[in-house]
Amino acid sequence: MPILQVEMLKGRTIEQKRNMVKKVTDAVTETLDCPKEAVRIIIREMELENFASAGVLRADNE
Amino acid sequence: MPILQVEMLKGRTIEQKRNMVKKVTDAVTETLDCPKEAVRIIIREMELENFASAGVLRADNE
Amino acid sequence: MPILQVEMLKGRTIEQKRNMVKKVTDAVTETLDCPKEAVRIIIREMELENFASAGVLRADNE
Amino acid sequence: MPILQVEMLKGRTIEQKRNMVKKVTDAVTETLDCPKEAVRIIIREMELENFASAGVLRADNE
Amino acid sequence: MPILQVEMLKGRTIEQKRNMVKKVTDAVTETLDCPKEAVRIIIREMELENFASAGVLRADNE
Amino acid sequence: MPILQVEMLKGRTIEQKRNMVKKVTDAVTETLDCPKEAVRIIIREMELENFASAGVLRADNE
């Protein structure tokens, strides 16, 4: 039943998401010893103005 | 103070959300023994390409 | 596929949790028009020193 | 490594977000004794129909 | 900057977690085209009485 | 209604948490223009074996 939430900046293609969920699911299945069917992944995409590190919005340092 | 986060696929109407938050709040209030005013619900809607199970995007299997 | 995360203070019995997940799942199923099997609920319990409102820890105002 | 997730209603300007992440990062750095570079903040904005308190959508009581 | 949150039932060894974060990080790095250093993973472990599917606590159906 | 979730490694004292929620609430109140009473903060503490960056558990590099 692993449930993963993946937060990332906007801009990836559906092809990148497709590969990511496939490979991450395989990685979880192999290492945590659970069936593939039990793995769920939620992707959340952020605008550059909705993420900050070191107190600075990503929109301001790119 | 229960705080609920509900992740669901896009496509529900505001009427469905209205009913859902009402009934879920009632269910929480009754069973956890807390005042209705203390219950908060955050709804997050996902695109079909942002949810996967068994390593496959929902956008690819519908 | 609704996935719910429920944050609440520590102290509920397993009987209360059992009732809560049953009634909340029913509420979601009825209002969002999805099969019961698709609903998952994650419960997270907090210590009184790990929740604050209005800038005050719950541990300090009870 | 503190990671903060901030849920708020839509409508703030980028200037408000810029100030918020700066001041929240300073507050975390001072009180938790960690370098500024270690603090990450994710902002999530909600539509009025995606937040409820006391069983009522915010969209319905404003 | 991908940040992952992994919810799973209690009971995995540190060796399983070590392998999981290594392989999941590799999977994310390859498919999302970002440096390894940018990937952060938060693991949250649940008691069997804190997870439900289909309205039934995991503690009740194992 | 801002709701904040703060993930951090274990080890802070209640005094540090008390100061953190006070100062973070002030920072949010000032910058987002909302009443102090509307701000809620959830703190989640992690074991060193439940956080990874760059594919390595924090428990392994300290």
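Quick notes on this one:
A, B, C, D, E and F are the chain letters, set down in written order, and residue numbers restart from 1 in every chain.
Basically, a residue touches a chain if its C-beta (ideal position, glycine included) is under 8 Å from a C-beta of that chain, and two chains touch if they have at least 3 such contacts.
If you're wondering where the values come from, they're calculated on a predicted model, not measured in any experiment.
Hopping across touching chains, the smallest step count from chain B to chain D is 1.
Among the remaining chains, those touching chain A and also chain D are B, E.
Copies chain D and chain F of the same chain sequence form an interface built mainly from equivalent positions, shared numbers / all numbers used being over half. Centroids built from CA atoms put chain C at 24 Å from chain A. In this assembly, the C-alpha centroid of chain C lies 20 Å from the C-alpha centroid of chain E. Centroids built from CA atoms put chain E at 12 Å from chain A. Residues of chain A in contact with two or more other chains: 1, 3, 7, 24, 26, 40, 42, 44, 51, 53. Contacting chain pairs (ordered by label): A-B, A-C, A-D, A-E, B-C, B-D, B-F, C-E, C-F, D-E, D-F, E-F. By the touch rule above, chain D contacts chain B in their complex via residues 7, 44, 46, 49-57, 59-60.
Taken together, the chain A residues at the contact with chain E in this complex read 1-9, 12, 16, 19-20, 23-24, 26-28, 30-33, 51, 53, 58.
In the complex of the two chains, the chain B residues touching chain F come out as 1, 3, 40, 42. If you check the complex, the residues on chain E that touch chain F are 14, 17-18, 21-22, 24-26, 36-37, 39-45.
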